[in-house]
Amino acid sequence: MLRLSHLGKKYNGLPVIDQFDLDIEKGSFSVLIGPSGCGKSTLFDLLTGTIEREYGTMEWIGEAVPHLGQIAAYMQQKDLLLPWLSLMQNAMLPQVFSKEKHLRKNKKAKGLFERFGLNGFEDYLPGAVSGGMKQRCALIRTLMFEREIVLLDEPLSALDAITRRSLQSLLLSLQKDFKKTVLMITHDIDEALYLADTVLVLTQAPMKIRDRITLPSEKPRNLDSSEYIAIKKRILSELEEEMQL
Amino acid sequence: MLRLSHLGKKYNGLPVIDQFDLDIEKGSFSVLIGPSGCGKSTLFDLLTGTIEREYGTMEWIGEAVPHLGQIAAYMQQKDLLLPWLSLMQNAMLPQVFSKEKHLRKNKKAKGLFERFGLNGFEDYLPGAVSGGMKQRCALIRTLMFEREIVLLDEPLSALDAITRRSLQSLLLSLQKDFKKTVLMITHDIDEALYLADTVLVLTQAPMKIRDRITLPSEKPRNLDSSEYIAIKKRILSELEEEMQL
Amino acid sequence: VDKLSLMLDWFPNIDHLPLFVAKEKGIFERHGLELSILSPSETADPLKLAASSHIDLAIAYEPQTIIAASSGIEIKGVGRLIGHPLTTLLFIGGKNIEKPSDLEGKKIGYTVPGMMDLLTDGFAKENGFQKYELINVGFTIIPSLTTGKVDAIMGPYKNYEVVELEQHGYTPGYFELEKYGIPDYDELVFVTGATTLKDKERLIRRFRKAIQEAIEMTRKTPEEALEVYLKAVPEAPRELETAAFARTLDLYAHTQDFSVEKWQKFADFAASIGMIDKEVLVHAILWNGK
Amino acid sequence: MSFVKRTVVSTGLLLLLFLLWEGACRLANIPIFILPAPSRVLFVAVTQAPLLAYHAAMTGIEIILGIFFSITAAIPLAVVMFVYPSVEQAFSPLLVASQAIPVFALAPLLIVWFGYGIWSKVFMAAIIIFFPIVVNLLEGLKSCDSDYRKLFHLMGAPFFQSFRYLYWPWALPYFLAGLKVGVSVATIGAVIGEWVGAQRGLGYLMIQSNARLRVDLVFASILWLTAIGIFLWILVGAIEKRTLTWTR
Amino acid sequence: MSFVKRTVVSTGLLLLLFLLWEGACRLANIPIFILPAPSRVLFVAVTQAPLLAYHAAMTGIEIILGIFFSITAAIPLAVVMFVYPSVEQAFSPLLVASQAIPVFALAPLLIVWFGYGIWSKVFMAAIIIFFPIVVNLLEGLKSCDSDYRKLFHLMGAPFFQSFRYLYWPWALPYFLAGLKVGVSVATIGAVIGEWVGAQRGLGYLMIQSNARLRVDLVFASILWLTAIGIFLWILVGAIEKRTLTWTR
């Protein structure tokens, strides 16, 4: 279990995240939804130690950890591909740094390229592919980490509906097969409802959890059912309220 | 009227855009939808002369033009904010370069910051705001141009549902009030249906127009009506077919 | 054969001709010596390196040697190459400078700060002029003179820059220091470090013999000596060097033995013009083969 | 590492180096007229402070003027070379040549042009400082991302505005790197300039001391010169900190 | 502008400059020992080619070795200074000092350490080349975007790998700018080095010729030296084109 208590971070004296508490079940898929600029990316940065928190504690499986830097794989909102490496080299970076045997991972990367519709582009430099392709490559790189927690910051925002849907199911199956604990930020409520075990609706900065919606465990889901339409409406109206404050 | 004939662009000998024809009504709102990597951004780059086309011609209001560089305002997929200028300075760049009187534009920018939910962040550097805020700032900058055509490459992809909706209506009113010709790329079919006069569904690279859907002129629209749901299904299935080729 | 290394005071020039004659004509060889000749980066280097035993022999100037001795550097003069001052106060002739007092109110350049400027002061005092402007021209001697930026320069050699001026079509004029109240001194001498002298006394003695023989041979067959030199130093321009040689021939030392009296006179003069702070007793630094 | 701790460590390191040098001088018995021990250099640098300060003031002024003029010349030249590649092609051989010319070849010319005053020294220093600044600035301008360039082109930005808002800030870190090199080599530039025609300045003092075999004074001059260099270096570092605020 | 057109324009510009120089020499009647006309320099550079080539070969080798050693030393030093700011603090004064030392202060020491062979010259050249490379590389490393740094930290990249995949490519344009400055100043570096007791080399030839007022030969040597410099400059430019493929 991942437990955050009283997490906090200020920028220029203004709190962006303040007394933030959160419990996440190991092996669950949680999705964070919140207004733009509310502090979601900042939260992930705190979790991974990318920026230092000012106060608060983190526990992972009952043990206090300074941060999740070495436990979690993190896909940031920017793609952060290295412009001098090809897509394949970029995706294989985590493998370069690990001490495990390579062959298996090589195969894994090739498989992912295929499933992500990037086959044929392995040797392209990031500068020579489209925005969506860069995003997919960054996602592959994140999946190449073999870590227990996966943090995804708007991983599919630049993709068309079909590619997005196919990658959503891929994410689902990866999470199920490998029992990863996934935290994902998205602005797409359908996506949240399709993937999440738990949806966390966040407030404006200073960010708090406004609503915590536990979804039924059936997957894949039929989002056209009235149950989900009701939840979608609820999230939308909550967000709307947030924006009006 | 904007008329493109036989436009073409190859990368490494492979055509990305090939014999592309398109007619756009002056003052209309057209939305391009297509698979990731099909060549949408490349098309916009060709239109603005950001990259050189290999063949084809462009006409604007009956006159052949080399490109739309000086006629169109272009918001690229990357935000391209200058890291050393504050959000307000970034947004005011087009004004710095124009020879018109400034006061009015200054007000306009302030108004846009307000409506985009960026008030209070005028003096922040781009490095100190969230992804969605950067995108909004880039959009403001594009709107600060006073040009007849507006090209928008996924302008709202990083925004939450509510902000996105409010900016959508803003875009609509801007287009209506100032009679701009807008071309916009998006992956969000609802967005397309909400905004567009014409939706252009594109094929995989080499990019062609697969379907051209002219929507009823009523705006704002109720997307829950069966008419729109049918159109949405149609677009989805077309995209799906494209992905399977 | 025994090896000796020697560092010149500057790049090889006509003043060093006897060394090349001795080397090429096998005189060193006959004395059981093999001499390697090196050029320095700067005129003060050879003395420093000799004093610290990094080379065996160095060519130095008498004023420099006295300055070194005064500042406690253990250096020994062991032989002579040029027995009189070459340094002159050079000017372009036909411009109303006939006698030293004509320099009153003129701009006088000098080559080496800390030495030639003091020498100029001494020269002025001896010759009774007071007002003049001193300018450090470094080694841009001919350009400074010919463009009229200075009226005269202290430091050029009478067998060298004088000839160069002539070759560029100017009439040179110069005052020889020893004729205008500055004590006579040995322009170029061989020096060595005190410890080197102890260790290699025998070799150095042989070196003195050899160099004197070479000087004599040069005097006897000057044309041949010049040819030997020009062959050994191919970059030397023939015309200039030939003209310079004619003026140098008489100046090569007639004996390797130092005149303690002459040296002491110059050392006292150096102290009087402030070139050295501590007085020097020259017999302690001169070695005449005993 | 905190600032204080870092300073302590770095001071310790420096001290260690000086001790090694001192030890080497004493143990290997290196004579003072070849390499004076640091203690000796320090002693002279302090006891002769008035003399050194007198000369350093002159050299300092030359350096400042040299830096000023070379920046003034470097920025427009780099910009012109950037805008017109043919000018770059024509001038880069000359620039490289300017680095290959030793003082003595230039000295007569400098004297004819500038006389013996301060300007020949300033020119000499400027020539040396100029080069790293031009090269770095040019490289910096060239490194400007093409997406941004196109954006400015699309915005119809006139060149001066593009320069001000895009190219200059973009090339600034390069420019400052060049300036760091420049202010450091400015020291030797001024010294070299002073070998001809100077009556005052650390370079003058150095040759004078060298001719009189006062090598400790030569090194004390180097110490003072280094102090000027380090001062300017730190200054550029401070400018860097103040202007490149967006990089962190 | 096409490559051909650019070359024509730049050649024209260069020719114009030479004509101006030639004209100035002739009209103002500048004596040959102050500034030889370019026609004269060219004439000597060609007719004395064997002599010049003989000396240039030596200088060329010194330059190459100097560049080699300074790169070899600069990269690790810059990296260590980057990783340990205290080392940077301790060493940057020394670096600045290294640029403030005139040859004559160093020459005796170099002779004591390295003797009269090629190594004292190589060392002198290396000291001069070294500096811009270290400074630029360090600035380049420091300019590395913190988002990427954090990414590598999160990926658990060991330092060597981070260096190879992130820092080095990031700093490469800076390094190459420094190298461009370096190879150009290498020419004067080797020349200055040759003042330390050389028997051969363009620097040696230059002082010799200068002392003998063969100023045309001095300038012919400078011309040859410049040719070496430009060759290296173009080489670095070509390396830049080949390695920085991702910047366009």
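Chains here go by letter, A, B, C, D and E, matching the order in which they are written, and residues are numbered from 1 within each.
Note that in this section a residue touches a chain if its C-beta (ideal position, glycine included) is under 8 Å from a C-beta of that chain, and two chains touch if they have at least 3 such contacts.
Remember, predicted model here, so these are calculated numbers, not experimental data.
Chains that touch both chain B and chain C: D. In a homomeric contact, the two copies may use the same or different surfaces; for chain D and chain E, over half of the interface residue numbers are shared, pointing to the same surface. Mean C-alpha positions place chain A and chain E at a centre distance of 50 Å.
Per-chain Cα centroids separate chain C from chain D by 37 Å.
Mean C-alpha position of chain D lies 15 Å from that of chain E.
Of all residues in chain B, those touching 2 or more other chains are 78, listed in ascending order. Residue positions 33-34, 104, 108, 112, 207, 210, 247 of chain E each touch two or more of the other chains. Among the residues of chain C, those in touch with two or more other chains are 42, 44, 48-49, 52, 139, 143, 147.
Chains that are in contact with each other form these pairs: A-B, A-E, B-D, C-D, C-E, D-E.
Every residue of chain D that touches chain B in the complex is listed here, in rising order: 147-148, 150-151, 153-158, 161, 165-166, 169, 245-247. Residue ranges of chain B in contact with chain A, taken from their complex: 11, 33-37, 40-42, 77-78, 117, 128-133, 136, 154, 157-164, 166, 187-189, 236, 239-240, 242-243. For chain C in complex with chain E, the touching residues are 7, 10-11, 13, 38-42, 44-45, 48-49, 52, 54, 139, 142-143, 146-147, 164, 168, 235-237, 240. Touching chain D in their complex are the following residues of chain C: 42-44, 47-49, 51-52, 64, 67-68, 71, 73, 112-115, 134-140, 143-144, 147, 149.
Within the complex formed with chain E, the chain D residues making contact are 1, 5-7, 9-14, 17, 30, 33-35, 85-97, 99-102, 104-105, 108-109, 112, 131-132, 135-136, 139-140, 143, 146, 173-174, 176-178, 180-181, 184-185, 187-188, 191-192, 203, 206-207, 210, 215, 218-219, 222-223, 225-226, 229-230, 233, 247-248.
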